[in-house]
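Here you go, one structure.
The chains carry the letters A, B, C, D and E, assigned in the order they are written, with residues numbered from 1 in each.
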Amino acid sequence: MIRFVANRLLGMLVVLFLVCLFTFVIFFVLSPDPAVQICGKNCTPEAIDQIRANLGIDQPFWTQFWTFLTGLFAGRTYGTGPNAIDCAAPCLGYSFQSSQAVTDMIVQRLPVSATVAVGAAVLWLLAGVAGGLLSAVREGRFADRFIAGLTLTGMSIPNYVLALSLQFLLVVTLGWLPFPQAVAFSDDPVRWFQNFLMPWIVLAVGMAAVYTRLTRANVIETLQENYVRTARAKGLSPGLVWRRHALRPALTPIVTIFGMDFAGLLGGALITETVFGLNGIGKMAADSITKNDQPVIMGVTLLAAFLVVVGNMVVDLLYTAIDPRVRVGSSA
Amino acid sequence: MTDTLLQVRGLTVGFPNANGPNTVVNSLDFDLARGGALGIVGESGSGKSMTSLAIMGLLPKGAERTGSIAFDGTELTALPERAMRSYRGDRIAMIFQDPLSSLNPYYTVGTQIMEAYRSHRTGVTRRQARAVAIEAMERVHIGDAARRVDHYPHQFSGGMRQRVMIAMTLSMEPELIIADEPTTALDVTVQAQILDLLAEIRADTGAGLVLITHDLAVVSEVTDHIVVMRDGDLVEQGPAERIFTDPQAPYTRMLLDAVPRIDDEIGLLRTMHTEEGR
Amino acid sequence: MTAGDSIPRQPGPPEPAPLLRAENLVKEFTVSGGGLLGRAGRFRAVDDVSLEVRKGETLALVGESGSGKSTTARLIARLIDATSGTIEFDGREVHALTGKALHAFRSEVQMVFQDPYSSLNPKHTVERIVTAPLAYQRRPIPGGARAFAAALLERVGLNPDHAARYPAQFSGGQAQRIGIARALAVSPKLIIADEAVSALDVSVQAQVINLLRRLQDEEGFSYLFIAHDLAVVRQIATRVAVMNGGRIVETGDRDTVFGSPQDPYTRKLLAAVPRIRPEWDAARRRNEQARREREEAEL
Amino acid sequence: AGGDGSGGTPQTGGTVHMLQNADFSYLDPARGWDGGVNAFYRLIYRGLTMQAAGDAEDPNAVVPDMAEGLGTPSPDGLTWTYTLKEGLKFDNGDPITSTELEFGISRAWDPEIGIGSPWLKNTVEAPADYKGPYQTGDHPGIETPDAQTIVFHLKAPFPEFDNVVSQVNAVPFPVGTGAGDEFIKDVIASGPYTLDSYTPGSSIKLVRNEHWDAATDEVRKAYPDAWEFEIGLEGATIDERLLAGQGTDVNAIAGKIQPATLARIQSPELQERAISAEAYCVTYMGMDTTQAPFDKVEVRQAMNYAVDRTSLQTASGGNQLALPATTIIPNAVNGHKDFDLYPSEGDSGDPAKAQELLESVGLGDGFSFTLDIRSNPIMQAQAESIQQALAKINVDVQLNVIDTSTFYETIGTPSQMHDAAITGWCPDWASSSSTMVPPLVDGRVITEKGNTNIAQINDPGINARIDEIRAMTDLDAANVEWGEFDEEVMALAPLVPLLQEPSVFLPGENIAGYIPNTSMTDLTIIGLSDPSAG
Amino acid sequence: MSFTPTELEVEGAAGGGTVPGAPASPPAGRGAPDRPATEWRRVSRAFLRDRAAVACGVYIVLIILMAVAAPLLVKISGYGPLEFDQDAVDPNLGGIPLGAAGGMGADHWFGVEPGNGRDIFARIVYGARVSMLIAISATLLTTFLGVVFGLVAGYFGGRVDMVVSRVMEFLMAFPALIFMIAVLSALPAENRQFLLVLVISFFGWPYLARIVRGQTMSLKEREFVEAAKASGATSAQIIFKEILPNLASTIIVMTTLAVPGYVGTEAGLSFLGVGVVPPTPSWGQMIASSVPWYAVDPAYFLIPGAFLFLLVLSFTVLGDRIRRLLGEGAA
């Protein structure tokens, strides 16, 4: 077990390292000089050089990359002398735009993204599993076909089209919901809920569709398993057969896939957050991209990769916990 | 109490579709005496499994069953599902071919043995059920049953799993055990052990057995009455000795000829068609 | 490397060189990946196996599931490489073969597999399947693909008009014949039949066994016949090798092995085989005889 | 709607909400320098001088702030002396004297911090190796003879030096503060408000600076008790909220509205709220005069004839959001002269005249060139309009859309800029054109990177004229000359002025004293008519 | 975010690496004989009976025709996709289209764009070109990469598989959307459509490759592979002649499901401003530019939105049906 975890951790670090390197290469090679951008109008070449030196981007590639990596684990210092800034680990550097520490920016925005992700996840999980079960129970009947139609529609509607349509309909035309506004839960729970309702729905629709289909397929498949027949042959009540022998095996893979999807979403729902003006990681990513704010892009990319990789690992560990067949350390 | 444990009359199973009734079991009649052992033999697709599932009332979706199945004098086909449930597992138990896929990988074998027991015997505590499970496992010669009861199916070998399946049926002391190819997936040595086990249990409990197999040698060793099926039809039936010494139907004769013997003369095996027809 | 634990074999009596001679074959598999950390475990599936197949004879390899029969077969067919040991076929060291020589070897050794459907590519027509060995070895197809396929099908007792069909359109026994036809396409000297009849119903199994025997009589090639069903083995083998846990525990003439098995494992195996009582068979034969006589008399 | 502010009289108290898309660049005025943040700095920082209040007679004028009066230049114009008012304090209660001012100003020379307005560095004398107070120490070019007096020594006479000390980086800080990233998250305020909380990218809250004394401040009114900046909202959402005016949005203000919103403010009560502001910037197309075909003045003139400014206007949001520009200096900037050297019927272009000019240099069959533009919907629409107009004289325009983040770098690097580019230019101070025209045409400012003269015109006549006008100490007279200069430059047509883009604002119902300005809306005179509402 | 065929991906993961719809081998029993030729006929007949599938097919064909015949259609409608029409918009009101429903009428069938009065019909028609071209090219490239890498990894296993799998894992762990945007915004605007295809495929192929790999791994265990090997087939011959044909249905299904994913991705990237370069119209870019106008001129938003949604829906439904039909054929 310990070896398995250690192995996974090592693999995870390798993937993260590659993501780092890859991102770094792309920005190092492709990106325009941020110094010029920071310098703005009325800029002199000396000023540009100075900014480059401050940012450390006058260094050769590998030096920069090494500094970045050490910054991640041990922190680093920007500038020299009295102006030196200590950036504690995990140091992702400072935004070129606002000079905020990227780590702080992420920490500040994570709650918003988490709220969005958790709400959406609850919604899609409930809707997806319920829809899938209903579909499976009513296989081939009207309800099944109806749900199939809904899921296809849900899967096909681009989320920004859905987001804009919802906003147009619910806020602008019908006035059922107020415009999104940054309100803390503790200040005004109702308003808070109204703010997040649309983002939750938008993110949940596509996912719910996928989960519905998945649940349906899994349940139908499980019901054909021989062990379900065995359970029935034992004279168990249909309720028991369903609960124990159909649902648990059918839903186990869904739980694990859910872990991945959720982790992915935590890293920011770019489009949804942008459309609804939610200051989460996703919007930060979108903004930093338009502003070519490399440290922030790097930070978000790494965070997202980190979450996916960790999610992956958690899922694997979870799987070993809930599926007795997956025995760690031995290959069947 | 009658002497006939199971009486099947005119059992027909079909999967009706656009092209017609598509019958896979066609007016089958047979009887099983209390404590007797009945063998159903026939080649792949001859309807053996459908027959057993029809008795259990577990036919797959889309299947239609007609005819009469009387168990201990009760007409099973007329029973409502709820009542049928109280027979399944309790009085009629079934063992399936593939012991791995027939056990739920998510639960310990103990849980799966106890499950049936507790659902048929009200007011049984977990502890009691567990004791029953351990005892059943001991009866099928699983060593260290008290510990193994908490293992998962994948931690057992094929033969052991099949023993677990048998233990599952044993805990209920059923009057009838239907075994659908219980040894096909197993090695000969393991097969021999399982067949011995079945015989032992029958001797202990006096349960009736319906053994379904395609292996004539196996039925010849285990059962006293034999039903030969082909394409859903009953070819012939009778006491084992009669079928083996004086088969009436040409099909049965052909089958018997085609079986390679381990201690018989070597020569061209007789097949359906004179040579190896097309 | 296993040099340490391989026991040198006594050289056999100076007989005519066998078609196939395998010596001290060992095959180890790596199990449980281990990932980036940790070492992988090794599992010895074939452990110091030596065997011979002579021209025109059928060597049957029997044993229970997982005893290493298929692995041995695949080593001999050079589908996998041995961890150690040598295989000599027709005087050549099999594991040294490359290029043309390997192609030649491939046409001299052919395989027939257990599952007739799995061993035929479901997306290829029968014609393509049976001519594939020639195509893969870049050899011309004598008389053209169509005629060649038709002739082959005829030889294994299939309707030659069915060459354009797909495997799924045949029954199990017919499909197995296609597999045999494919093996015949290159006129092999040795056919390795790995559980070639195990998946078939008895009547079909009998047909295929008969076919194999007939072909051997006609063409004179050798079989390495792998099976777990001792009854089948007895019907077809000239000699028998019994495997258990990757080792050959007993080998000898069929009648010796079946009649007076030496190894306890062989005895256990033989004892476990279900049998129809010989006296019943005898009675049946008598009844049969009687019936036939009655019928003749009636005529 | 006009430039006279929203209705009602501002009352003391309440919270004004500001809805905006982008975060402020920096809280530290030595670092930040753009229209949005400059207006914000006015709430928390004070300097020697400042741009007059938004409701002043001449809102472009520079007036004293912490100084008793405007600066006094020495006769040679190389020394400027200011006297500070008494009783000035930071938000922590410490007094503000010339020492703190010198310290704050000298931060502009710190290479890591002083990345904001360059004007102090450009004008005040300092050794080349001077690197600000943290690294070098006291500024040798600034003297503080006593607590109330501060003297600046200039590199060269600069008649507009009052404008330089009105720049946002000329503000006081307690000695020794502000090193490293200290002012990234916090401020030390000298103005009427100070920072309450700051969540980057999301919100800023300001509360009153208790130590600010209204008696020392003639410009700032500081009506509201607090400010709340909501950041990160989409433009469309901001407009929707302003239109709807729900809850605290009656107390909200924001930047200019989107063109799409114009159509929805036609109802009388919204018309009442809507206010438009004149443009201080020009949108133009610069042409690389060093390369064919734009090395020929005829071709450049033809471009000026050919563009369809009416179409450009519609594409940019119609006549409320865009006006045809024929001069470099916009109407609202002091020194503007009205002229149109390349007139056309209804400003929709004169392709015939353009064709004629092209034929005169043998380009009658047209040519093709690449136009650099920013990936911004309006600018794209403008570029597409030019594409359409020039197609009439067989000129094929290839659009090269550059991401916003890299656009200025690309066009500021002559080696990377293509044949032409669309961009805008605003003066650094609206009271004079000295920062409007010269950066665009002075041949001596062409650099490899960060170039502002994208036409790369280097005409000795133009260069000489710039020096001549800059030397004038009578600023009004100089402004007249800048207007003349504009026309002289346009005769050479290094660029095609396209539009002046005024803005329309829609403050909340309860907002009073809101006088928007595209140069910089004065936040310090805004208040609520009813502080209890919202 | 719908930029990858998540669903198949997810189901693939659930089913242990095999696509549920992918035809398995004929069951090792007596399979209903069915030649591919007749199977094809059966599939097409079943397909034609399915009204929804036919409707979707018709819509897709119409869009393709529309894309192909764009210049002709525009000639008929009278306005090109880039042509300004000042008379169709109101300069006093920020340039909103004159007339009801975004200026729809005999002149401009779908109305005009606010501000510049470009004909929406023409832009939809030309936008279809871009959307289809990018989606189809990206699908082809993805399929090629996914199939080749999946086959190679699945067949050779061991170290090759290890490397390919790691690369796939790495690419899938990558926040692809963020990265696509970052890369695209950093890259020059020239050849943007080509770059879009490259970038989309670069992040897209692992999803197909993973499924192909899984199937290859199970197909490789089938005895016909061993038979081919014993007959002297080289690895390449086994991969491409023996295994590949068995992946056909998987690939068909994956491809039909990838197209809508990529239509969506292209639109999404254009929506975020890093897609096709103006003035070239694409549906996503049209939707993006309609955002500020959606309250004033809903038609401007709804028309491309509806076209996009229907196209994605059609491909999705089609893929779903094809999968079911091919799946049924195998079961």
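Convention: a residue touches a chain if its C-beta (ideal position, glycine included) is under 8 Å from a C-beta of that chain, and two chains touch if they have at least 3 such contacts.
Because the structure is a prediction, the values reported are computed rather than measured.
K.L.:
Among the remaining chains, which ones contact both subunit A and subunit D?
P.N.:
Both subunit A and subunit D are touched by E, going by the contact rule given at the top.
K.L.:
Using the contact definition given at the top, which chains are in touch with both subunit A and subunit C?
P.N.:
Chains in contact with subunit A as well as subunit C: B, E.
K.L.:
Tell me which chain's centre, taken as the mean of its C-alpha atoms, is farthest from subunit C.
P.N.:
Following the centroid criterion, the farthest chain would be D.
K.L.:
Return the chain pair with more inter-chain C-beta contacts, choosing between C-E and B-C.
P.N.:
B-C
K.L.:
So what's the Cα centroid distance for subunit A and subunit E, whole Å?
P.N.:
Measuring from centre to centre gives 23 Å for this pair.
K.L.:
Provide the C-alpha centroid distance between subunit A and subunit B, rounded to the nearest whole angstrom.
P.N.:
52
K.L.:
Quick one: subunit D and subunit E, Cα centre-to-centre, how many Å?
P.N.:
About 46 Å, centre to centre.
K.L.:
Tell me, which residues of subunit D touch at least two other chains?
P.N.:
In subunit D, the residues touching two or more other chains are 234, 240, 403, 405-406.
K.L.:
Which positions in subunit E are in touch with at least two other chains?
P.N.:
29-30, 185-186, 273-274, 291, 294-295
K.L.:
Residues of subunit A that touch two or more other chains: which are they?
P.N.:
Where subunit A meets two or more other chains at a single residue, that happens at 14, 32, 172, 274, 289-290, 292.
K.L.:
In the complex, go through subunit B and note every residue touching subunit A.
P.N.:
On the subunit B side, the touching residues are 56, 58, 85-90, 93-94, 96, 98, 101-108, 115-116, 119-120, 152, 154, 165, 168.
K.L.:
Enumerate the contact residues on subunit C facing subunit E in the complex.
P.N.:
Subunit C reaches subunit E through residues 74, 77, 79, 102-103, 106-107, 109-111, 113-115, 117-124, 132-133, 136-137, 165-172, 179, 182, 186, 199.
K.L.:
For the complex, give me every residue of subunit B touching subunit C.
P.N.:
Listed in rising order, the residues of subunit B that touch subunit C are 43-44, 187-189, 191-192, 195, 214-218, 220-221, 241, 244-247, 253-264, 266, 268-273, 275-278.
K.L.:
If we count contacts the way the header does, which residues on subunit D are in touch with subunit A in the complex?
P.N.:
22-23, 25-26, 31, 33-34, 110-113, 115, 118, 122, 134-135, 179-181, 184-185, 199-203, 230-234, 237, 240-241, 244, 246-247, 249, 403-406, 408-410, 412-413, 428, 439, 447-450, 452
K.L.:
Tell me, which parts of subunit E touch subunit C in their complex?
P.N.:
Touch residues, subunit E against subunit C: 25-36, 222-224, 226-234, 237, 242, 245-246, 248.
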